[in-house]
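The structure that follows is given in the form of structure tokens.
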Amino acid sequence: MQELGKAESNSIRITRQDDQRVTIEKDLDTEHMVLSMGPQHPSTHGVLRLECITDGEVIVEAEPYLGYLHRCFEKHCEKIDYPAIVPYTDRMDYLAGMNSELAYCITVEKLLDIEIPRRVEFIRVITSELNRIASHLVAIGTYAIDLGAFTPFLFCFRDREHIMNLLEWISGARMLYNYIWIGGVAYDAPADFKKRVAEFVTYFRPKAVELYKLLTENEIFVKRTKGIGIMPADVAINFAWSGPMLRGSGVKWDLRRNDPYSVYPELDFDVPVPDGKFSDVGDCLSRHLVRALEMEESLKIIEQCLDKMPEQQGFDPRAVIPKKIRPKAGEVYGRAENPRGELGYYIVSDGKSTKPVRCKARSSCFVNLAAMKDLSKGQLLPDLVAIIGSIDIVLGEVDR
Amino acid sequence: MSEYFSNIKTSATTIATGMAITLKHFFNAVKRKGDAGIDDADYFRQVDGLCTLQYPREAVPTPPHGRYRLYCHIDDCIGCRQCERACPVECITIDTIKATNDDLAACGKTSGGQQKRMWVPVFDIDIAKCMTCGICVSVCPTECLYHTPVADFSEFDVKNMLYHFGNLSKIEAEAKRKKLAEQQVQAAKEKAAAGDAPAAKPAPKPKPAAPPQE
Amino acid sequence: MEEAANQMSPAVLESKAAYDIIRERFGDAVSEFDANPTMPFFEVLDVDRWVDIALYMRDNSLLQFNYMACLSGMDYPEEEKLGIVCNLECIGKYAHKIAVKVKCKRDGGSIPSVSCVWHTANWHEREAYDMYGMVFEGHPDLRRILCPEDWTGYPLRKDYQVQETYHGIKVPY
Amino acid sequence: MSSSPSLNTWSDALSGLSIGWFPLGLVIIAAIPLVFIALYALTYGVYGERKISAFMQDRLGPMEVGFWGLLQTLADILKLLQKEDIVPKMADKFLFVIGPGILFVGSFLAFAVLPFGPAFIGADLNVGLFYAVGIVALEVVGILAAGWGSNNKWALYGAVRSVAQIVSYEIPASIALLCAAMLAGTLSMQQITMMQAGPGGFMHWFLFTNPIAWLPFLIYFISSLAETNRAPFDIPEAESELVAGYFTEYSGMKFAVIFLAEYGSMFMVSAIISIAFLGGWTSPLPNIGGLELNAMTSGPVWGAFWIIMKGFFFIFVQMWLRWTLPRLRVDQLMYLCWKVLTPFSLIAFVLTAVWVINH
């Protein structure tokens, strides 16, 4: 038997049999289908568009297309003063505004080299950790909804509502706070704030357990996420993944520990990393698990901060804010641990202007999403949804 | 084979756990969280039960410095334009006319007792552009800009989102401008005539300040 | 020199040590070390060797810069150059980090792509190309990423003039 | 049946009622279940789903239209009626239009053989169960027509998934129902119900008379979820994956028809499972000594009441499941069908056969 030729990627085979008969075999004709997923699709978390080449339900290739929510953050930054950039950073990662502000402010403060009052540091950490919980709640909730479970989503939003109320109380806004300012915060915490946050912590603990039982332990959920979209640790580092994504791959890397800022060195908390018992290290379930466990760590941090926060009557949180923010010439790359990973700002100042020459935001989602193409290869369409959900993108941050 | 059965078992138990949780919530639906504001002492009193509110009738009260609609109390505005410069989205438009010395009394004082030196014929806030960041509020020296707890201010016409706060009508503004120009011309003449003598002008007639437009 | 070294913070000293290894290997291909406290960096002077340097930095057992935190495009109008700034660090063995600058001509300049060294550079370089217009040689898929494919001009260049209309839509707002 | 004579006179009287040549009584008898279904499906199925989901999720649910939002579904139907009926330009118009029709007809045809009481039955076929199982398969055609006709990739995905799912799950479902048929020794729905009636109330139901019956009962319940595309098997309309599955392109009244068909078939499978295993319209209350609870709660009206209650109970369980569980993946769905439910249903079949022989 001798093969004479093939055509159209092996679907037609021409062979010569031993008795000199020539046979032409033809497979069932199949074609790849191009499926445009998004920008309006329920599970692309905003306006991400994935151009999927599919073979039936199997994704041959999924190419992300971004930019539908591009709002020229970096261009804007070159036109406005340093303090006026803060509300724009809110609008990047709108689910974790406090963390974005914190990252930006500590970057500029590095450039300015100013000392922040201790109480302000604690207020910043409390608010940003509250915001981290809120952000993880949305991540978990929307992940549940991606996988078809509606109820955990609403439970998450119910609890997030309390955080939103707390943050509105302290900052005046529910999502886009403009609360953490360069050199301070906008307002001092209200008198009862500590008490209410402590109440929230006691309220939230059992709810988190309930959520864990309802969603994370559910066998269908585990089956949908375990072993899907596995990212080995070295590849994850090469893709510069950060935050829960990198920790999901088993790398114990948390900027709050590894590149400490604010008062984090004083606080006692764990960096949860999956151990491979409940999930396969690096899969969607690990990433989900890291988020679920991180909420508990955030609660711990908040409790410690409430204990340690110095009480000061008539405290002025704006005391050390410079009148005119004009950093000396130089450049800085500052970063903080966002709920979604490392949020970095590269800021260049020329020393003359009150506006940055360059302000690049290294957004965690943008970097994490870059691995989408490699992660989705050969997966089923429902798994693609699970993978996108586990990356936990906020398109505001991806497109900036 | 044992894995097969253990799988079925874990599925059954975890599904049963989940269903128990949802059923508990179903029976808790007789309770309601209520509309306690975050600054109420018993905010976390009712943690189970329904948590949504029927909005127009029930609403969560807004906290003290909640940032909702930007409002300018023009009587206190000294026309320093700091808010206009600070606004990142350029939603504030201000036009000022320097008050002539004889008009200072008519121009009035702020509630803090500061003498106002500017007429503010145009103080427009494009509330459709405003992103309620509150930077303008923080830079305002007389605290005449603040946020009111009005959350619902949608309009059918986007033009209605342009709020006018100026304290002079167009005609009045024109008169003031003319007057200022005349005086400046006169002052320049005097200056040319008498070196740097301070410009002291006679007062023609004071004009009442127009009521602030809402 | 001794005194200057004494004033450096431990983090900068670590970067300096890493830089010394690179300097030893590549000599004049890299510039002097800029030991500023906020972001210590060096510049790659021989742009063609940038990929070699990147590979060396990633794979040398004493350096192991396996994590590219950020790659930002930059415009240097007074030098008539465009450039990139890479913030590199090591996850795992060491805790050092360093920034690398690579510059190219402002018009038609090109920089070798390091997306084969760090996968994450792929999208960062696309973004830098999108915003500044420098070409990354050897990039597998150099397209615009945030702006529309048919956008004219490179928005973050300092001399950027926004186009009047885009598909009949007025652009300047 | 103690109540049979009075029942028969009642239904005989009703069927004898006629205005001139027009057999009004017969029409009424046939129409009562349908009117009920329409009312149920139109208003209270959807309303119930919304309220139940709301309460499970700590929400209020619809509250504005009518007292506690009772008229919400009517308002929705009115809204859908007023909507423009859009047929996509590139759609296969014939299939696109006929799809929801087939779906609707398919899901409501089975109601013909469902006994809603000793007298309320559209057609007491001697192959009632067989007919009910068979006619449900008609839905597949409707779904495929809708999905293919839409000329939309998501709809096509949904349709193909749905066909695979429904056809596969017919097997365990049918075998499970066969167990009930074996226990009853008949395929007539009415007779299956009769077999489970008695003074002992629920004691006579197949689920409780037979030590194995819980297995086919469970299997049929799970398969029925899959057949009606309910969560966790709502893969054909998997909202977060396929936008809306096979009815992505539908709007207005066509959408409403698909929606109603879904709720109709939900009730249908709930009624079938009640008939096959839980005694249909028979009262669950036993006669305890002198207290003749069973006799008191039996009768034509009571019969309708009981089967509707049983149906509602299963609908509640379906909703309860839906608002608790995530969705399975396509291959897991097939795994569940072919590797879990089908073998177990065969085992149940054999065991039931052994049990029947020994009794």
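By letter and in written order, the chains are A, B, C and D; residue numbering begins at 1 in each of them.
Going forward, a contact is a pair of C-beta atoms (placed from the backbone, for glycine too) under 8 Å apart; a residue touches a chain by one contact, two chains touch by 3 or more.
No experiment lies behind these values; they were computed from the predicted model shown.
Visitor: Provide the labels of all chains in contact with subunit B and in contact with subunit C.
Guide: Neighbours common to subunit B and subunit C are A.
Visitor: Please identify the chain lying most centrally, where each chain is represented by the average of its Cα atoms.
Guide: A
Visitor: Taking each chain's centre as the mean of its CA atoms, which one is farthest from the centre of subunit D?
Guide: C
Visitor: Measuring centre to centre with CA averages, how many angstrom lie between subunit A and subunit C?
Guide: Roughly 24 Å, centre to centre.
Visitor: How far is the middle of subunit C from the middle of subunit D, if each middle is the mean of its Cα atoms, in Å?
Guide: 64
Visitor: Could you put a whole-Å number on the gap between the CA centroids of subunit A and subunit D?
Guide: 43
Visitor: How many angstrom between the C-alpha centroids of subunit D and subunit B?
Guide: 57
Visitor: Among the residues of subunit D, pick out those that touch two or more other chains and give their numbers.
Guide: Answer for subunit D, listing residues that touch two or more other chains: 56-59, 323-325.
Visitor: Quick check: what residues of subunit A touch more than one other chain, meaning two or more?
Guide: Expected reply: 151, 158, 214-215, 218, 220.
Visitor: What parts of subunit B, by residue number, touch at least two of the other chains?
Guide: Residues 15, 18, 21-22, 25, 51 of subunit B each touch two or more of the other chains.
Visitor: So what shape is it, when you link every pair of chains that touch: line, ring, star, complete or other?
Guide: The chain contacts form none of line, ring, star or complete graph.
Visitor: So which chains end up touching which?
Guide: Here the touching chain pairs work out to A-B, A-C, A-D, B-D.
Visitor: With touch defined as at the start, can you tell me which subunit C residues reach subunit A in the complex?
Guide: Those residues of subunit C that touch subunit A are 36, 38-39, 41, 66-70, 72-75, 85, 87, 91-92, 95, 99, 118-120, 122-124, 127, 131, 144-148, 155-156.
Visitor: Please name which positions on subunit D make contact with subunit B in the complex.
Guide: 52, 54-60, 63-64, 320-321, 323-325, 340
Visitor: Across the complex, what residues on subunit D touch subunit A?
Guide: Contact set of subunit D toward subunit A: 53, 56-59, 153, 157, 231-232, 234-235, 238-241, 243, 323-332.
Visitor: Which residues, counting only subunit A, touch subunit C once they are in their complex?
Guide: 66-67, 70, 72, 74-75, 78, 110-111, 234-235, 237-240, 251, 253, 258, 330-333, 335, 342, 344, 346, 348, 358, 360, 362, 366-367, 369-371, 374, 399-400
Visitor: Enumerate the contact residues on subunit B facing subunit D in the complex.
Guide: 8, 15, 18-19, 21-23, 25-26, 28-29, 49-52, 54
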